[in-house]
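Chains: A, B and C, in written order; residue numbering restarts at 1 for each.
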Amino acid sequence: MAIIETKNLTYTYPGASKPSISDVSIKVEKGEFVLITGPSGCGKTTLCRTFNGLVPHFYQGELKGEILVAGIDVLKHHTYEMAKHVGLVFQNPENQLFALSIEKDVAFGLENVGVSREEMRKKVDWALNQTGIYDLRERSPHEISGGQQQRVAIASVLAMEPEIIVLDEPTSFLDPLSAEKIFEVIYKLNKEQGITVILVEHRLDLTAKYTNHLIVMDQGKVRFEGDPRQILSSEETRLMGVGIPKATLLYQMLKKEGLNLGEKTPLSSEELADQLLEALSSR
Amino acid sequence: MSVFDGLRFRKVFSPIHNLDPRIKFVYVIAIFVVAILFFQIIPLLILFLMQIPFVLLAHVQRQWLRSLRGAAFLAIFIFVVNVGTTFFTSGYHLTAPNVENAAAMTLRFVVLVESFSVFFLTTSPDHLGLALEESRVPYEFAFAFTTAVRFVPVLAEEAQTIMDAQKARGLELEKGGLLKRIRNYVPVLIPLIVSAIRRSLELAEAMESRAWGATKKRTNLYLLKLHKGDYALLAITVGILAIAVYIHFYVSIPTIAQLI
Amino acid sequence: MIEAQQISYAYPNKVEALKGVSLTIKDGEFVAIMGQNGAGKSTLVKHFNGLLKPSQGKVLVDGVETTKSSVAALARNVGFVFQNPDHQLFSETVEEEIAFALKNFGFKSEIVEQRVTWALNLLSLTQYRKTSPFLLSGGERKRVALASVLAWDPQTLILDEPTIGQDHEQKEILRQFILQMQTQKKTVVTVTHDVEFVAECNPRVVLMKEGKIIADGVGKEILTDPAMLELSSIVLPQIAQVFTKLASLGFPKDVIDIYEAKSIILKAKEGKA
């Protein structure tokens, strides 16, 4: 059964002249690693916020269409109920940490829900370990780097043991190395814990390799959905302004010049390199 | 402002820092009450000197002295006003008891300021926040307090960045008369305010997304527990109060003039 | 020309951000200053318009020592675009925003009018002339901030992390814009950790680590040097990643441009056929 299902989702922010998302119908299966991308303003940020009810409950306005997350009708439930099933990690690491120590931040959601201290201690320690920041637990948020802060944000969402974690451009402010570390953490959570991941990103060169379910949005609508290898090889996608990974572009360019490296469109430098080695090694 | 210097926290761990903030606060209130109880200089002097072992044990001498210096201006003002009024109302007589009284009032002011200063110097915002959370204060207030403290360094940095950004566009903050200078701060204040509003919006989103408001019965990861030191301080506080009350009602306190 | 001569700088909290840095940037150059967070990149460029003055050593802009000049005077020739446009925007209209610096520098009102129109045009913002900057989207606000600095036509443009939060198309527009600046012989200095963006522009790269410059030279050499990567924690551009794995085929390792990569591979294929 699909863990997220939307039908004809349309939403306009109060005071806006046109909808941010229109007619969005998507289906996400349990355990998938979904990547959502598209040019700025395409509606991906708004879509993220429908998954836990920030849209429409926090932003007001009317959300038309249907949306079921973990079997729950988002329109009829508070965000604090959704929070037990869907965790949201935002772009700016600084503005997600409000406590004076890291572990208190990670415990925040559990405190809100009223979990007992012993239970809380276990879950907090577990989340800290999963994200590799156990040693930082007593530090204050101001002392640690952006990449570490973002891992705290992930840990604090993870501690509530949601079935789904949604991340809205979590590495915007981070350098490529820290960004890679974040993606590795997320990928591990997906593979080892079976958590469904929805990642919104521009940096496809770093993330395309993790997914087999890509959603490309433009001007509030879903334009493409499916296998990233197909979608990222299409000229239409490139013309839309999506940042195709260089390895994929090079593959395309070589194909045009008559050098076919194989059926599978590569999504990472490793895949392309392997294809090139095979095609060019002297036999 | 150097008075506020005494109120800022420094991360040093001493036995005083580890004392329960609630007990420390009770102690400070007790000192406050005792200071108000007396207007003679000798007990006030004793009260003042009693702070010193705490300051030394907590290794906060430097900040404490700095806050004393900050309070000095107001203290001198109080002294002068007190001496002045008695001088003029008694027909231009300057008597020893009057001067001593003025000194006592000044010292009382200093004791009040300094006891609070020692409290804030030896209590981390974390501890304060925790004490607030565990008291009967509604959680929203404790949360507002800790969040505010958490963002002070962030906002300070941002203010500096904004000033730099506008200076880089030719804004000169030091030039011009008073009115012009105030107007020059508009390009600094507006981005600061707008940024603060954006930040609160993002914070609110993060809070909602982590089940803020799910239940009225919030639990807490930490628990403030009272230890031997806390009970000792409590005993000392009660003792001081008792002795003070006794002395106030039953013992007549000499003035320095009488002692000499 | 900007010259930093053995400068050191320590923040008030005693953190030493720069330790004996020397750098010369000639007019018309395009330089990318790279390195980890905390390496000292922003601290360094803030010396170029006098926002920071070195505690040791000298910084000379067009022969004038920065300690002998105010930030406003230096800003006349060195424009600084900060990372977050919201740290600059405060006016009621885009027009006023762009005019702000011009008025500060004492331009006459007819000239201000001209310059504002020119800057609006340059960055395709003409339709927003009378709009409040706060109502614009993130990308548009970034353009307004840039326009407000370009308006007074400084010789040098410093861009602090201009690619953060930008999508692919916006980055492409930025790249074209920098090329345009170069044809006008303007000096462009950008602080960035966006390796792919730098790979596409191939500027002079100055690599910093812990307050010192550890490399200064041709972009493609530095970005593909494994020793440098090790030291400064930067990531190889994707094309270079591919070519590193093809070393066994005798391919050069310092390839960062996709077109160059294509030619090399096609030639190798021909060679086999």
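Convention: a residue touches a chain if its C-beta (ideal position, glycine included) is under 8 Å from a C-beta of that chain, and two chains touch if they have at least 3 such contacts.
Predicted model only: the values in this text are computed from it and were never measured.
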Chain-level touch network, classified as line, ring, star, complete or other: complete
Chain pair, B-C or A-C, that carries the greater number of C-beta contacts: A-C
Inter-chain centre distance, chain B versus chain C - centres from mean C-alpha coordinates, in Å: 45
Whole-Å gap separating chain A and chain C, where each centre is the average of the chain's CA atoms: 29
Residue numbers of chain C (touch at least two other chains): none
Complex contacts: residues of chain C adjacent to chain A: 36-38, 137-139, 164-171, 193-196, 233-235, 237-239, 241-242, 245-246, 248-249, 258, 261-262, 265-266, 268-269, 272
Contacting residues of chain C [partner chain B, same complex]: 46, 49, 51, 70-72, 75-76, 79-80, 82, 84, 86-90, 100-101, 104-105, 134, 148-149, 152
Complex interface listing, chain A residues touching chain C: 39-41, 91, 145-146, 169, 172-173, 175-177, 180, 202, 205, 241-243, 245-247, 249-250, 253-254, 257, 259, 269-270, 272-274, 276-277, 279-282
Residues of chain B defined as touching chain C within the complex: 158, 161-162, 164-172, 186-187, 190-191, 194-195, 198
Chain A to chain B touching residues, read off their complex: 49, 52, 54, 57-58, 78-81, 83-84, 87-88, 90, 92, 94-101, 103-104, 107-117, 120-121, 124, 140-142, 153, 156-157, 160
